[in-house]
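Once you scroll down, you'll see the structures, which are given as structure tokens.
In the two complexes that follow, subunit A is the common piece, with subunit B as its partner first and subunit C second.
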Partner chain A sequence: MIRRLSPPLIVFAILVYLFLLGPLVIVIGAALSDTTYLTFPPQGLSLRWFEKIFEMSAFRRTIVTSLQIAFASTTLALLIGIPAAYALNRYRIVLPSWLSTLFVLPVLVPEIVLGFSLLRSVQVGAGVPVLIALLLGHTLIVLPYCVRVISASLASFDFSIEEAAISLGSPPAKTFFTIVLPNVRSGVIAAFILAFITSINDVSVSLFLTGPGISTLPIQILAHVEQFFDPVVASVSVLLMLLTVAVMVVVERTLGLTFLAK
Partner chain B sequence: MTATAPLSLANLTAHYGATKVLDDLSLEVGAGELVSLLGASGCGKTTTLRLIAGFLAPTRGSIRLGDTDLTALPAHKRNIGLVFQNYALFPHLSVLDNVAFGLKQRGIATSEREARARRMLDRVGLSALADRLPGALSGGQRQRVALARALVIEPPLLMFDEPLSNLDAKLRIDMRVEIRQLQRANGTTSVFVTHDQEEAFSISDRVAIMDAGRIRQLDTPEVLYQRPANAFVARFVGFENLIDLRVTARDGARVTAEGAGGATVTLDQDQLGAIPDRFVLATRPDGLRVATGETGLPCTLGLRTYLGRAYHYQAETPVGPVTASGPLSQPLEPGGTAWLAPDPEQCCILPPEPA
Partner chain C sequence: MLKRFAGWTLSGPATFLVVLCLVLPVTATIAATFGSAKGPWALYQAFFESGFRQRVLWRTLEIALITTVVSVVIGFFTAYVVSRAPPRWRSVLIILAVFPLLTGVVVRSFAWLIVLGRNGIANNFFVWLGLEGAPYPMLYTQGSVIIAMIYLFVPLMVLTLVGVLENIPDDVIEAAASLGATQSAIFRQIIFPLAVPGLIVGAVLVFTGSFTSYATPQLLGGDRQMTMGTLLHQRAMVAFDWDGAATVAAIMVVVTLAIVLAMTRIARRLNPMAT
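Take a look at the complex of A and B:
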């Protein structure tokens, strides 16, 4: 173990942390400001901009929508992504190699283009309701993360472990849940968190798919800053951050523990 | 322990996609017998085990274990104990739970399955490690856990796929003795896959030598070592010199045969068994003696290597290059001329190789 760090390294590490954490500090500071405009450092301390969020029905509604969409699209992407990643790894030798590329394609297409084409085809073309279109769009953008992250976990999984379980009398479907899943638990958790954050922060795809009366939080923030310059955007951003962290902790706890209990 | 059963593979053919991997393979393993599949990497040993275990369906042929036809039975219902090269332990389960896993699938109550798993761990000398995770064990310990896990379900058939390849040399020998003792004690019919000839010969009742998806010879280690049935097996067990010959004259038991370049040898059917008109004479280096007596196969000596009990010579003959041996008392110089005489005790007559 190297215990003593060189001074330049320490300075460099501090700079990196400043770079990463600086914006967070500024946003949190601005959110707590007692002024009617965005400012940093905060002048006076108050929680009134947090209270303001809940007085504005547009924010209340979009927070709920964003959470719903994030949960639903993440769940849907995991339901598709886990079996897909499993099949891609389990049958890697027999499957054509372009198949795994297929699942990263949505990442390669600029999200603006993806959003626009979804708008044209799904919403306008097929007449799918706004909420469903949003859900589909978000699922599409988070699916590649799920497949990739879980694939990475499965790549180091030795499938003869699965065969050992089957040979000992465990039916294949049951084996998947009792043997395979517990061993890619960390991958599933990472995929969940990554997908959830991607969905809840998404602007470009949502921009096209939100419709009358239905919007997501980032789009609402965008709409708000176009008209107002009050600290409510900062406080709502802080709230979004807190929600995300809360979800991460809950997922880590619940998924982590249920898998271990098996 | 449970009654053991004979295994019977009949005309198994298997494909991966369009590639034929097993070609009309038949094999009978008697109840309680240990048969090894021995062959180079890629010859189809693992594929054979996967067919028996039910992870791969044969294109043709059938698999029977005792009175049961396994051919169409799903893998999880076959009741076969499997031991893998890379152990394949469940990383998230304790050693005890690993061993008890198969009993759990059989609906055995927790207290009983833990008792049985502990007893089995005791037999492989690992009772002290019951609560560890597999990650905290050495390779040898892991393979013992895998062995206990396969044995505890008391399967009528045990299969091992190169179980010792990942262990170091000393441990490999200890483990193979241990496996053999446990297998003998339980009387479980077993199929053991390896590419190591010494391992196969030392552990098995009989050995099947495989090549390109077929069994080339199935017999006891003694017969395989001394009386290979064909050129492939002969080369495999160390008959380095294979000489194509054609009989030119027969005089009672004495047979004169001619090879390439007009070289002739005289052989005795009383010592070597019936000699067909066309045949291959196979010898190990120790079975082809260098002499200066001007009888036998003439040769030019090449490189001499010292092997402790004898010298080996690379020699050039009219029938091609061979490796011969000579006594330590008379080292011969490279470049010199000598004559080679096959020792009838250490020769084999083989059918000619198909072109």
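Take a look at the complex of A and C:
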């Protein structure tokens, strides 16, 4: 085992980590500041900018919309993604190879191009309501995570177990829910979390699909920052970071965090 | 026959969604760029004849290239340290890299607004140091966009490469060491070549990600440092020039796909572990 690292490398890595975490610490500091402008280190400690978020209807509304869209799109993506992942693994021989590539496309095509195209064809062209178009867009961008992560779990699943159950008289649908699904549970949880956080943080697709009165949190943050330079956005950012921490705790409990470093 | 039916039925809804909401709309956007009354290439001609738009394209390529090179270098050495760190530290370091990655693009770009602003921390520090000419205008420069982009992509690079570096079998390294290879020889002749395919995968992710980004150049570059992403948005939502926006979109797709295809080819050829 060679585990010795030269000191310059260690110093380098420490500096990189300071670079990675410093700005986030600064955001937290700025959010706690008692001033009306963004500053760091905070001058006077106060939580008033957190209260302010909920006093501002634009933030309140977009937080709700973002959570709704994230839940709905993730659920929808799982509902269509799990069967697709199952089919890709179980019936690989009879399905064309381009099918699995198709499900990667939402990652391959630039998100901003997808957003603009959805606006052109789906929202304006086909007259689909803003909220539905937004939901479809988010479902598309989170679908690859669902299909890929669940495919990966299914790849290590021994389908002969399923066949055994079926040959013993268990109906296929029941077999799926009692045998297959419990075996890929960790994959489903991971897919849900990755999809949820991707949807919550999305900018490029939502950018084009928000309409009058309907916006998502990241888009609202961008709009707010362009006009005001107050600590509200810093405190919203802290809320988002808390969500990230919550997500990481869930991942840690269910899968172990090293799961994410794959 | 039955299997084919089952396979298509189960993957049907997802296929339907991707075809209907991605393949068709994106194809329609690209097709629209050839539908100009002045001839199929007229819109592209207009794009490349406009000095401003050409500059936007070159600027975006430049930003993406610099971001990629710097992120790859920083990411590689950091990932090397993480992968060789004692197990306890390793997981802490991985958690600390995952955290920024899961925190949204908007939050992470906004953080740099506080750092680089006119009354930001960096400028306060420069003034305190008594540097001549401070505070400096740092926002809305290409440098600020690049710094924020590097910040955005380093965690991704580190996590991609930690996985790659950990997959290098310890026996290979031990064998080299027992045959008398020095630390630096092991690094140069074994670890680095084996990490090249991972470096390329990471580089592609960073390049395409920064080439097509919107939030970071919008917040830190504004109108002064317009990139392809912000230009696309400006054409579509401010100028309502949908043909112009579609042209930008088509160029983005072509560049992205070309890079992805070329680099996966190269990665496959360079993989020393390939059989």
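Everything below uses one rule, namely that the second predicted complex is superposed on the first by the 219 of 262 C-alpha atoms of A that agree within 3 Å, B and C clash if a C-alpha of one lies under 4 Å from a C-alpha of the other, contacts with A are read in each partner's own complex, and residues count from 1 in each chain.
The working rule: contacts are C-beta pairs under 8 Å (C-beta built on N, C-alpha and C of every residue); 3 or more make two chains touch, one makes a residue touch a chain.
In this text, all values refer to a predicted model and were calculated from it rather than measured experimentally.
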Which superposed partner A:P182 touches (first subunit B, second subunit C, both, neither): first
Which of subunit B and subunit C A:L88 touches, first, second, both or neither: second
Partner chain in contact with A:V113 - subunit B first, subunit C second, else both or neither: second
First, second, both or neither for A:D158, with subunit B first and subunit C second: first
Touched partner set for A:F208, first subunit B, second subunit C, both or neither: second
First (subunit B), second (subunit C), both or neither touched by A:S170: first
Touching partner for A:L9 - first (subunit B), second (subunit C), both, neither: second
Contacts of A:P23 with subunit B and subunit C, given as first, second, both or neither: second
Subunit A residues touched - subunit C or subunit B, whichever exceeds: C
Which superposed partner A:T35 touches (first subunit B, second subunit C, both, neither): neither
Where subunit A meets both subunit C and subunit B, residue numbers: 94, 260
Interface residues, subunit A side, partner subunit C - complex: 1-6, 9-10, 12-13, 16-17, 19-21, 23-24, 26-27, 30, 37-40, 79-81, 83-84, 86-88, 90-91, 94-95, 99, 102-103, 105-106, 108-114, 116-122, 125, 136-137, 139-140, 143, 147, 197, 200-201, 203-204, 207-208, 218, 221-222, 225, 229, 233-234, 237, 240-241, 244-245, 247-248, 257-258, 260-262
Subunit B residues touching subunit A - in the complex, by the definition given at the top: 16-17, 53, 55, 74-82, 84, 86, 88-92, 101-102, 105-106, 146, 149, 153
Residues of subunit A defined as touching subunit B within the complex: 94, 158, 160-161, 163-172, 175, 179, 182-183, 260
Subunit A partner contacts - residues on subunit C that touch it in the complex: 3-4, 6-11, 13-15, 17-19, 21-26, 28-29, 32, 74, 77-78, 80-82, 84-86, 91, 93-100, 102-108, 110-115, 117, 119, 121, 151, 154-155, 158-159, 162-163, 170, 173-174, 177, 183, 186, 208, 211-215, 218-219, 229, 232-233, 236-237, 242, 245-246, 249, 252-253, 256-257, 260
